[in-house]
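Per-chain numbering from 1; labels A, B, C and D assigned in written order.
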């Protein structure tokens, strides 16, 4: 193995650059050249490659976003387009590919592997919604950014004795909501995985106020409802409260990656190089019980579902139940 | 002068607690007891007072929001309600009052002064929109929080080559937009004080892309337009760009105050005590050219208007003009 | 079980307050009153107890340090002193005790349990050096704080092409050094668990410079050497480099806890209450593979040793080896 | 004027990159090419120039340190070395130079101006110690970083009722100490400009404890004393207190620049280009009363001294005096 390429695909996630840097350095450790593919699968098809060295990635390690850029490219589902990418890789004398992105992006890695070009995935998405792995690159930073925003909002909430509903990211996965909600001491957490009763939430908030709390927080995953609609329905049942809604939107996505995101991105980036050297392909890496794990793309993504930490949801529910 | 009261009124602003702490300590320095009034003018009328000491304010100094709480209380415009507040203050043997808040809140201080109860204002509002003073408590932190969010968003913007429109607070004053926009290197800043042409903004953004920039930022003050409407109009003229809108909303309001907000809040809090000892009343404090200044409430608020830093707006316009 | 007490002991760690708050809320959930013991075991002996309610802990959740204070109190190793504490607890009609602290603190919990008073430990120390559990409250924040400081220093290091040696906490455990070092992309990590050769470190740094890096970082655990001595020895072998040493010292200890520290502190705080209700005592809680775990104080502390993540140390070593 | 060069010199300061970016963009606004000089005056003599464009500086705007690097180069005091720099600039067809650095760096700009090559200075140093200007690039970030560290330390200080002495930067100027000290609510501030009595400081701290404070902070500028020596002398007079010393060292220097540092760096960077176009040289820019100001290098540096904000020092002294 002489030459590896690496790309980032899908939504950007803090820590992707740390993974890229680890691929570069671990490659160099084994005498392998590493090429960055720009703009994801689009750049793969167009042959937008550039050699990466220590000096290119040394500072990127600590920056959010992706230095390799990302782009939507649904065309990569087509066989002829995949073949073009295959040809570009061969033309550039590249032996293997590391794909950092979400589960959609892994399908491209699988397709290339089936064409005979070894590719391996690294889970990079702030949503933490990939089956098998308990952790995805960017999730810890996203929770941290959401929490920082919620902490700020709680200052205002307390100063005016308000109830704030805070919409966080998570279309299908409530992970950000659950972690940020527990960390913020939310009165209620509302996620797509679990049903809820608006009356029950109102009750929890009222209970909190009766216990002397001077503000209330409800953390809402976007997959459940738009924050404005939620606030309207909530307010209808809780006329005595001053209720406000805030959507954290894109501020959850960027920012300098946390130590955890950098460490696990580094661990997976280096391991991806080792796996390719060992002849593995069509798999993606992950973290289970804080340790590296490997998953078959074809099996896992079709059969398994990402598991939410229900224990944390229940923890929060119990803490606010009287 | 034996006993002073202090209250916070209007929207909370980071640094208000530092001002309260300074009133307490400067009071103690002169052997004056300080009472906190809870929930602003509402608490004044209801006699919701509590003695404050070093131990109560030592940690609050560094916290956002207001430890004295705030509440809307338009009723204070009525003479009979003002008289009730006057009576409560007299009953509690309090000699003077410090009001931390916006220009609306200063009217209450003026009314009390006219009733014979000396009161003085300290400008506390994140909007920086009070005439005379160039600085209000909380403004620096609000700009800092907005900038931090914009920095985060710029990671994503660059990763996907997007244009982001970011709505910041400022109904009548573009100060947060101008400071955060210049600091973020925005391609355009849109504020209520100055007219704008959408075509001109599109041109600036395109120019930036031609110069090799990999993302674009437009900072929009809420007083001009809702971010969604703005994005729609902008997108109509710039079909080639991927445009997104984000409203920073309440995350600009809270958070630990910056050094500047704490220092000037402390300076004004201590000076307010000294002014009252010198027999001054019906005035509010401010900062001009980095130095303490005093303004008559009656004169200044009726005649003067807050002045935006047009030099900074022009600076940004020039930097992005080709 | 009607009444539980909770104390913090040993060095303060961010997230201790989140654990205290969880004990209070989970207690309330089960109709149990919770008392805070002030100043650790000293306060236990002196009967320095105060009832805690939601309003007391709601804001503390997000603050660093410990709202219950801590104090050195080696006298608690004596049987007669332990008996005094036992009597105080009985006098106050308290049924069980939660001790948040390091392994030294757990011995007190065990002693009380042996006296017939059920007590349970929660690991709270930034060093992450408690056997069995892979995580201790405060560790994630300490790594995060260290990393933030190292990121700052790296700006200066790069601007002047310097080599910085950064001393982080960890007398016997290299955990902070390893996590912060991997996250920062350190050229070398030096910890008490592993031997090192100064020549080897110099070689790595030189290699990095040859690969185009514009600065170098060495992360040193305090247990290995004083930073000044280390710099002197290093400089003697690397005369061509401009070398500086910085000790991060106490800035690693405080600060607002990260989301992770708040979530696991909350999980363990709540679980401690449940354990006591189930009749468990003489144990401490921990996290293994991201899940709650329980350990016998007597067995675990005497036999087991805390395990460093050697895989992360090796990861860093490989990444910087040519 | 067709071509301008810009360099950074002396210690790096956050916001220098924002100034560089403003020179580049304001240059482009006027159709002027901008070249970056690498490694300060050393690079000037060696002709280490590179054309800078929007894409090179767009992200650097928000980063600490200096993207142009800096280097010590005392040789530039020699006339023959200055002549070499002059020749390099002429050879590269450059018309004028912007120097971002401290007052020492301005002497080089003056020397070049005297040789007939127009050069202008921008104050960039975290120490805020340049005569005439009330503000230097990097100062606000340094105060902010110091304050953040002090806030963290205060968590530990309060948890254990300790007194912390915190050494901040400032060999000749107490500005960082005064601003960070007031913002942190320090019990005492010790700076090179003002004499102090150790007994007086001990008295203030004791007074604070008597008023119920649970911790104490003394902020010490490095120009007065080494922190360890200071702690030893202090402890000798205050045996009842648990005293600790921390030097913040290099963590004050780097980090992402604050909004204020970015805005004023941008303002001065753009103005420097305009000044050169107006035929001005041998001057440096600054901020007075929040407005742009210009100073003759020759006059100002020889006659004037930087003025500390004594009003802030006195403010702090009064607040902690009983």
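To be clear about the criterion, a contact is a pair of C-beta atoms (placed from the backbone, for glycine too) under 8 Å apart; a residue touches a chain by one contact, two chains touch by 3 or more.
Bear in mind that the values here come from a model prediction, so they are computed numbers and not experimental data.
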Chain whose average C-alpha position is farthest from chain C's own: B
Quote the value, from 0 to 180 degrees and to the nearest 5, of the angle by which the CA atoms of chain C must be rotated to coincide with those of chain D. 180
Just curious, how far off is chain D from chain C if you go by their C-alpha centres, in Å? 35
Separation of chain B from chain D, taking each centre as the mean of its C-alpha atoms, in whole Å: 27
Averaged over CA atoms, how far is the centre of chain B from the centre of chain C? Could you give it in whole Å? 39
Numbers and ranges of chain D residues touching at least 2 other chains: 151, 154, 158, 214
Complex interface listing, chain B residues touching chain A: 8, 11-12, 14, 63-66, 69-71, 145, 149, 151-156, 158-161, 164, 214, 244, 246-251, 253-255
Applying the document's contact rule, which stretches of chain A touch chain C when the two form their complex? 18, 21-22, 25-26, 28-29, 53-55, 58-59, 61-62, 134, 140, 143-144, 147, 151, 154, 158, 179-180, 182-185, 208, 211-215, 256, 258-260, 262-263, 266-267, 270, 288-292, 311-312, 315, 318-322
